[in-house]
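In order of appearance the chains are A, B, C and D, and numbering begins at 1 in each one.
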Amino acid sequence: MIKASIIGGSGYTGGELLRLLTAHPEVEVVQITSRKHLGEYAYQVHPNMRKQTTLKFTDPEMLEPADVLFLALPHGKAQHQINDWSGKAEYLIDLSADFRLRDPALYEKWYGSPHAAPDWLDKFVYGLPELHREALRSAKYVSGVGCNATATNLALLPLIKADLLDMDKPVICEIKTGSSEGGASENPGSHHPERSGVIRTYAPYGHRHTAEIIQEMGLSQVSLTMTSVDLVRGALATVHGYVKPGTALKDLWQAYRSVVADNPFLRIVKERRGIYRVPEPKILAGSNYADLGFDLDPETGHVIAISAIDNLMKGASGSAVQCMNLMLGFDETLGLEFSGLHPI
Amino acid sequence: MIKASIIGGSGYTGGELLRLLTAHPEVEVVQITSRKHLGEYAYQVHPNMRKQTTLKFTDPEMLEPADVLFLALPHGKAQHQINDWSGKAEYLIDLSADFRLRDPALYEKWYGSPHAAPDWLDKFVYGLPELHREALRSAKYVSGVGCNATATNLALLPLIKADLLDMDKPVICEIKTGSSEGGASENPGSHHPERSGVIRTYAPYGHRHTAEIIQEMGLSQVSLTMTSVDLVRGALATVHGYVKPGTALKDLWQAYRSVVADNPFLRIVKERRGIYRVPEPKILAGSNYADLGFDLDPETGHVIAISAIDNLMKGASGSAVQCMNLMLGFDETLGLEFSGLHPI
Amino acid sequence: MIKASIIGGSGYTGGELLRLLTAHPEVEVVQITSRKHLGEYAYQVHPNMRKQTTLKFTDPEMLEPADVLFLALPHGKAQHQINDWSGKAEYLIDLSADFRLRDPALYEKWYGSPHAAPDWLDKFVYGLPELHREALRSAKYVSGVGCNATATNLALLPLIKADLLDMDKPVICEIKTGSSEGGASENPGSHHPERSGVIRTYAPYGHRHTAEIIQEMGLSQVSLTMTSVDLVRGALATVHGYVKPGTALKDLWQAYRSVVADNPFLRIVKERRGIYRVPEPKILAGSNYADLGFDLDPETGHVIAISAIDNLMKGASGSAVQCMNLMLGFDETLGLEFSGLHPI
Amino acid sequence: MIKASIIGGSGYTGGELLRLLTAHPEVEVVQITSRKHLGEYAYQVHPNMRKQTTLKFTDPEMLEPADVLFLALPHGKAQHQINDWSGKAEYLIDLSADFRLRDPALYEKWYGSPHAAPDWLDKFVYGLPELHREALRSAKYVSGVGCNATATNLALLPLIKADLLDMDKPVICEIKTGSSEGGASENPGSHHPERSGVIRTYAPYGHRHTAEIIQEMGLSQVSLTMTSVDLVRGALATVHGYVKPGTALKDLWQAYRSVVADNPFLRIVKERRGIYRVPEPKILAGSNYADLGFDLDPETGHVIAISAIDNLMKGASGSAVQCMNLMLGFDETLGLEFSGLHPI
């Protein structure tokens, strides 16, 4: 049993980590911190954890010894504290956006200010096992992933890996997301009467997760268009690009099958009949799967790659636990076996 | 054309008044006030009013002359300011809870503090036309109504009026409500990920609207149990009581038909087949109707009276405009003709 | 008062026509037909019409004299019956897809079979006033519009009219829709447990409404990608294209302002702050407005045009009534003044 | 490893059994039958089971040898086939309503026709471990439970067990349910545009599950009032009764604590602050917990007992697997450890 601590544990990402790690057969959660909820039981903030844990939120200044630290702090915090945190445990997984990008200039362009610890960027591995499995096995510092970037990157991965995508043409990523993506704190736009039933294209361009797609997929012309819809957990990426001349649908099948065969949490969803013909996030709530679909207009080469994930699982805490499994030498799927529910 | 002003116009009740009065053929809205949104266009807060009005929010201290003032302030404000407001217009309709109760002791019991202007309580007429139509025709001061009280009072009205209810037995009112009832300001419980999909019996007893049912229905043993569900607009009251011995279903039919015949915004919904057999709030969004249903267990005398309303219309602003129509001598239904939508 | 009849009145489009025409000050609805619901009151199928109409569904074979016939039949019916229907009233508005396209070859390509009455195609005017206002004023035969085509066409209209769009580059239309678009009949995919909370890109390409965009916007490279989301009424089109070199954001502002000034039911929604910054369908339920937004990436020329509508109003019955107003010489907005609700 | 088969596996109850048993460490699912979906992969009907199982639906006539049979057939089937099924495996759990009641007269009263196998009624144990744990340990035939009955019975259990409830006074059970309770087959009322956002008191009295409350709680005066709300999984029972004179809130605390201590899947939810103060079904999706709350009006003795469950888990398949664990001597909670999700 290894010991794990969750720093910044009152948000949705921290809660999901608590759920996963508490049920993980090789992990003992020794601490969860929250300044705001100091002294409260963790289950008072994460009510699904009643009868699952008796941990209370503690002060992040008073750290218990642990093997792995999960940092689930707001974006921009960890880069100022990394020298401290890095000394507290052998393994560190930071779920914020702070250490996802390798290039300080790319960070500054998309986040609007210089990175506070640029020397640390190279020490981190980008925490998506489907992209960096081998590097993760020997990593000590791992970043989290952006949920929208993850949906997009996994949609594109088979096309990129098989070199089927025309990289000179623009890639347009249309992402639809649920409300949990906005975090656990309320704001005027998350007020239920205002948020219920919305179809709100709130960011036509410029979403910060674009940087992770540029970095990981090697794309230059790529845009993310973000639309909020009425769901709590889940994100769907519908990605439009163009294949290289001569690419046929069977090439896509081969590319997707190959990637899915190598990755335990990827599935192809492309049925000819029935009502579950395409990837849909709703049945993925709580699961670590990414479901992938695709289609091709052979006349124009317009390819549509689709990926559905649970933004709190494969898009955040699930991938982080999967990374921990790789870093610590556990089975990659350990503690992540939940299949998701149907109906839901 | 009469001139109307809305004091405290940035909330949901104020927005609904703005919508109704702007479209009302006999009314010109001359002012809408909001300290918080001072100087903003009203349509920036009530986006359905784009191209409907060019009014901006103004300072409540700077009042335009008007014939009717609608006060849509937070509960507890108007009772401290009533001497001021009452001099500003010939007609005053206060939508808060401040002047709904006639008895200062009843107010203090349910609201937890003494009323600040007890002498004014007698000057107000309770603003539900189905209960006080004649008094409203000559009233200058009219109170609003509690939405949950209104759903319950209208469910019970036919039974009370026909003297069919056993007043010695307890009446249990189970009320299910949408999220707009909580007002336009966000709070942790209204955050979409927390509020979506809830079935939350948040108040087993003690809801303040109980006082209006006691007062208006003459009931002594009555309790309100409040459950939040996933809907924005709408409230359903399912009211359990006992009929007097000898009461048959046909007596109920007669009682309900009689009340519905007298009231343009009441309808009986009690079909034997199809999917619209009982009152449902969802099709009432934007309409001023209250739909009434009932059923009787002849063995036990257990009667269930059901009433569905739009909490912002018949439960607040719609009834207020209906009162204005009566006070000013307009047709009672003027400006309130919208039928509601299906599907929705 | 003119007399109007609704043929095929039990679906959602027919119900919306009944609602609008019943409340229309210049129209008397003399008949609504339904074979399936023959003899039932219209309000038993359209429950919002209780106390609004006492019409019963009648047999379409037994036609009352009327000035205007609205055909709200399933797609593919009217083209086989047009010779009959055309003789029954002076004005005919067909809401199906049968007479929207002028070119029989375009029809056959997108609908998969030859048109049954190709000679009639030229006699119809495409029923979107924003595109054909003048022709509609003298038309006797008017087609309906596809809801997704309408959202897209209105999003693009300002760009096309001001000749700002690079017509040689592909236009990708991402459309998100509510469940009422699928009609009033249930199917496995519309079962609530399966349909609630979905984000389902059910048609990556090939939606039939594409043909109306090709025809009306003169586009050749255009694709529609359809995604179902959790909402009943509403459609949002997020349209990706490229502007001609040298086009700046201020040119877009001018183009949109110009089109909005000419059309009573178009509005620009593009706010810098607040939560209502972009077009959203939810507040349009029941209204005939189309809200338009746009944004430009000046580096790449990537333009995103957004349009929100109520698919049953501007996308179907609302536009049909607006057409009737133009055909009959009424004020164009008559009977279509409902502003929509907020919150909803 | 024991072998289990699911007869009638294409519905929601069957799908949930498949999910639970596939992940159960002591069970191998050897067969799942469906005439309607014969030959299809189980994951085509239960899409959460992709990559979890490669079973196909088989013919119920062609039975594999198994230790436990789960019958998930429509109500009314099993009683005609029980002599056949009972010979096919050592253990049989029937999830339908057919063998829940011990008294044939009670069955006939609530189900409207005589039972087809009254001799079998005594051989079955009612499958709620919280009521019949010891009997289940040695049972061969176990019935399922009604979901609404279960929510109600668990709400009342502490009061009944501690003898605090005045059995001479009526007990009114107000139950709010999600849409999955209606099963996997669509109908006009389950069509998303009609079902979304409903608050529909569809059954004021007479719900068949009442019989299970009468039988298990020993109540004579009890009524169930059923209201559908917008949620897929979940049921909340808000139960109104009266305590015996002299009963105080602390007696209730003691009664609930005692029952919760004895039952691994019961929890008390009664917080003074925060937003998770009362039992709510949404966070129970996929979990086997029943969350219990209560409150007392000391003036009148009016007690409100609240219970939230996932209707497909504790209200159906979860309890069935819990019964299997007891029958087979496994740990009672085995395979049922999933905590539920938050947010959801």
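The rule is simple: contacts are C-beta pairs under 8 Å (C-beta built on N, C-alpha and C of every residue); 3 or more make two chains touch, one makes a residue touch a chain.
It should be emphasised that the depicted structure is a prediction, and the values quoted were computed from it without experimental measurement.
J.: Between chain C and chain D, which partner chains are common?
T.: Both chain C and chain D are touched by A, B, going by the contact rule given at the top.
J.: Which chain lies the greatest distance away from chain C when centres are computed from Cα atoms alone?
T.: D
J.: Could you quickly compare A-B and A-D and let me know which has more C-beta contacts?
T.: Result of the comparison of A-B and A-D: A-D.
J.: Could you please state the distance in Å, as a whole number, between where the Cα atoms of chain A are centred and where those of chain D are centred?
T.: Each chain's C-alpha centroid was found; their separation is 35 Å.
J.: Starting from the mean Cα coordinates of chain A and chain C, work out the distance between those two points in Å.
T.: 38
J.: How many angstrom lie between the centres of chain A and chain B, each centre taken as the mean Cα position?
T.: Inter-chain centre distance comes to 46 Å.
J.: For chain C, jot down the residues that touch at least 2 other chains.
T.: 12, 180, 184, 188, 193, 196-197, 230, 232, 280, 343-344
J.: Would you mind writing out the residues of chain A in touch with chain B in their complex?
T.: That would be residues 12, 178-180, 184-188, 190-193, 195-197, 230, 232 of chain A.
J.: Okay, in this complex, where on chain C does chain B touch?
T.: Interface residues on the chain C side: 12, 15, 19, 22-23, 44-52, 180, 184, 232-233, 267, 269, 271, 274, 276, 280, 283, 285-287, 289, 291, 337-344.
J.: Name, in rising order, each residue of chain C that touches chain A in their complex.
T.: On the chain C side, the touching residues are 170, 172, 174, 176, 188-189, 193-194, 196-202, 204-205, 221, 223, 225, 227, 229-232, 234, 236, 238, 240, 275, 277-282, 293, 295, 297, 300, 302, 304, 306, 308, 343-344.
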